[in-house]
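Pasting in a structure now, in structure tokens, and then I'll have a few things to ask.
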Amino acid sequence: MTDSRAILLVQCPDRPGIVAAISSFLFRHGANIIDFEQHTSEDEGGVYFTRLEFQTERIDLPLEDLKAAFALDVAKPFAMEWRLTLAAERKRVAVLVSKHDHALLELLWTWKRGDLRADVSLVISNHQDLRASVESFGVPFVHVPNSKDARPEAEARMAELLDGKADLLVLARYMQIVSPEFVARWPRRIINIHHSFLPAFVGADPYRQAYDRGVKIVGATAHYVTAELDAGPIIEQDVGRVSHRDSVDDLKHLGRDLERRVLARAVKWHCEDRIIVHGNKTVVFS
Amino acid sequence: MTDSRAILLVQCPDRPGIVAAISSFLFRHGANIIDFEQHTSEDEGGVYFTRLEFQTERIDLPLEDLKAAFALDVAKPFAMEWRLTLAAERKRVAVLVSKHDHALLELLWTWKRGDLRADVSLVISNHQDLRASVESFGVPFVHVPNSKDARPEAEARMAELLDGKADLLVLARYMQIVSPEFVARWPRRIINIHHSFLPAFVGADPYRQAYDRGVKIVGATAHYVTAELDAGPIIEQDVGRVSHRDSVDDLKHLGRDLERRVLARAVKWHCEDRIIVHGNKTVVFS
Amino acid sequence: MTDSRAILLVQCPDRPGIVAAISSFLFRHGANIIDFEQHTSEDEGGVYFTRLEFQTERIDLPLEDLKAAFALDVAKPFAMEWRLTLAAERKRVAVLVSKHDHALLELLWTWKRGDLRADVSLVISNHQDLRASVESFGVPFVHVPNSKDARPEAEARMAELLDGKADLLVLARYMQIVSPEFVARWPRRIINIHHSFLPAFVGADPYRQAYDRGVKIVGATAHYVTAELDAGPIIEQDVGRVSHRDSVDDLKHLGRDLERRVLARAVKWHCEDRIIVHGNKTVVFS
Amino acid sequence: MTDSRAILLVQCPDRPGIVAAISSFLFRHGANIIDFEQHTSEDEGGVYFTRLEFQTERIDLPLEDLKAAFALDVAKPFAMEWRLTLAAERKRVAVLVSKHDHALLELLWTWKRGDLRADVSLVISNHQDLRASVESFGVPFVHVPNSKDARPEAEARMAELLDGKADLLVLARYMQIVSPEFVARWPRRIINIHHSFLPAFVGADPYRQAYDRGVKIVGATAHYVTAELDAGPIIEQDVGRVSHRDSVDDLKHLGRDLERRVLARAVKWHCEDRIIVHGNKTVVFS
């Protein structure tokens, strides 16, 4: 059975009549709305956000024409930023990883089981360690050495491998800094997992920082990568309890579970077009 | 500042055009939609549920006329069950209680602080113990003795006190069975807190049952009361961890916290018209 | 580095002097206690439970002699049931599975990463589906067809494969009933994962049952298997929130995450000798 | 029934024989151990921590003599810091508060219900707002105006009211800075509730900070107050989920629930002598 749903994401200045305009347009063209969620941010001058899913089976125009008509009839009058995607068009996900396998394997598993509306098309690592694990899933693995000094070459090589061939980059515990120039190639399309409850414990070795501060709860944060380290829009977070009994290693073990779950959710939501970024924050439709 | 919002709750057979019909109607009459949530139950022949909040300040008709027009133009063609309420019309909540004060006090506090869009109008108890606590909130307290044998008289007396004077009955650890006849007077308008994670541990002394079974998590459940004991539509549940170290009394202590939180949420949601009951289940809009 | 720790598990009637007797005995023989947890069940005539970890490096007797001395000097006077194991003696874990891979793979992963103080020695399945996945971990996979009618033959074949070759059996979503006779071969050494928050939703298709009841939270339960279905001592449970938006399939997806986490924890604790079964309940030392 | 339990808290350099020494001493003197928990911090040169509860009914010496004997026989040889308290000696708790009542009322409730092993002896506020609420519990309320400029006078007045008359100070949303000099009078005996998941969002208006950062989870932290603002040893934390739908006010509402629960737990544990402070961290026995 082909998935004939389309997803419409919209953000625009809030004013009366938006829902009526969108829903009447879709109804007029034979598109049956099956899911509809909206949000209005009150304290920023009023921005309206919405996500719709609708059936395309009985639309009265080819999709491209429907898009053109929507742009003219609805999007323009309401000054909308919008995006219309077909559920059947699966995104291509590339994963950057170093030596830790937990976050990567969780993604590969989720994908292999059919729970990810996307395809893992490539894994790049600055180490060789995970080659066999990755290739056993039938996914290409490319070793691109990277380090503080080799960064420009490494990033040039990765850009070559990725540009035009991936829709989303996932840093699944990639232990290298990515340059602002590299980030700029993938605006709002790089997701990182940070192993703390941001904004606590920015930077290196957050479990050690958490241990030293004596917190009773640790966390993990998935966020879009921006030029500033660990400061991009947060997509998802989760936490787990710890106690004085837990060593730094115990925090790392617990944290692995948090990291892989949080990252898998964030990637899944991105691939299902559930996220709108606004300023430095995300709207995540459920 | 008067709250000029109205809330519309709708359920009807699913079919194309519902969103367009509702939103166009409201737009045409000057009602600005500020919140809109919907749900479609796929596996029961397709039922459409929605909750809208809209501003009534600039509507072009008196509210009663708007209702009549909605009935004719939208509700009838789509065979809708619906309800339109003004946020400013606060519901009157009566609480039935025995000797435990935690769930009752939580409601009184929430109300006193202005966090409940409703008024606690009366507390009825089969014991005198909580009179002073209740009256210190300025809420009338009536003692109606009740027991297995005195049930008919007790319920007649309560009906007299309540009929036409309360919109919602809350059983905040009311340790008496209520008869099917009494329940029938208040369809979908009695909320009970059961001190277990239903459907586990139906009936008496659920913490003892939980202790004896050796569970590692206990819970509390708020549900609408129906003729069958502890079997009505669940509104909200929450849980907490326990261990072999916890005695039955420890479970009760922990449980009190769960009970009062779960009940307060359920009552709040009911009073904000966030709940639609369908069959033996609830749709709870966030 | 060899792990030179030993773990002592004790249960006995409570009375004064137990801690002093155990700790003095160990001190006298050069065994340095590094972890010590105890519990007293007050309401069953008083049973004392304890778990100790101690270093064996400087003990003044061979381990077998130390055991004999402990039996005579301490265990006998206090009527103790006890067990002394070396952390370095890894248990052999056999897994029974049908077609679902999530709980099995989580165990294999945990083991491969070195987070399980045990070895997965064998996987038996009544289907061929998971052979490749299992063998890629270097673990033997044996196909033993099973069904209501073939049960005696299947269980005889499994007993042959397992007796004397496994210390723990894990039913990682093994969709077959095991007979009381089979269970009796492995007292307190079979762990099952049930896909509900027991005792709610005993039996078949618990996610469907949960969906039909309209619960707001679902769970998973790891327990020791006894002759009565889904009624054995609970080791661990966990839960996750659901809403009216979730279909039966959504519950299954969410549930998979709960199942694999809960089962992995229970197996880990069993393998680290953290669990004492008493009556139909467990004491789980942290 | 008088509570005849005593609680012993110990911290000392780790070395073999501590458990044997303590438990033999107590056994010798007729003290029956009913709860025993210990912890060894591995990475700070090895510090041993323990908490014991024992029955004093059959001890063979007056308590003061038992203390003297313990000091000589056990504490001195092992260089212990220790504290022995009777469960029946209830601590006197004074609460400092401004205008928010939720954290204060939770404490008063918990106390009134008999769930706090302590007495609330005094409430001091820099505002008059909560006088009636406090006095309805039969607790004295004293208004001590405070502000940046009046701090020295305010703190002198409070010291006069408190010195020798309270064992624990609780800052239940006291919106004034306390000076290092004031803090120094109450080492490890002032508990504050900070309305964020520390160390995130130190300082003023943490809910606004959390909202602006777009976090998906907010928290509250109870900690001992030290000279450095919001940097003292953390006792307890808890968190709750938020989403893009939540305004700053929503975060504050949710946060109130977290704050009162977290603070009540921390105060309860302190009053039950469950906490040992070591460096800037806490060991909290369960």
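The first chain written gets the first letter, and so on, giving A, B, C and D; residue counts start at 1 in each chain.
Note that in this section a contact is a pair of C-beta atoms (placed from the backbone, for glycine too) under 8 Å apart; a residue touches a chain by one contact, two chains touch by 3 or more.
Listed by chain with UniProt protein names: A, B, C, D = Formyltetrahydrofolate deformylase.
None of these values were measured; they are calculated from a predicted model.
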- Going by residue numbers, if over half of the contact pairs line up, that's a repeat, so tell me which of A-C, C-D or B-C repeats B-D. A-C
- Task: Could you work out which chain's C-alpha centre is the most distant one from the centre of chain C?
- Result: B
- More C-beta contacts across A-C or across A-B? A-B
- Report, in whole Å, the distance between the mean C-alpha point of chain A and the mean C-alpha point of chain B. 37
- Starting from the mean Cα coordinates of chain A and chain D, work out the distance between those two points in Å. 42
- Multi-partner residues of chain B (each touching 2 or more other chains): 245
- Task: Assign the assembly's chain-to-chain touch graph to one of these shapes: line, ring, star, complete, other.
- Result: complete
- Message: For a test of understanding, state which residues of chain D touch chain C in their complex under the given definition.
- Response: 16-17, 19-20, 23-24, 26-28, 30, 32-38, 40
- In the complex of these two chains, what residues of chain C are touching chain B? 39, 41-43, 197-201, 213-217, 219, 233-239, 243-245, 247-248, 280-284
- Note on the structure: Touching chain B in the complex, chain D uses residues 101-102, 105, 109, 113, 115, 136, 245, 253, 257, 261, 286
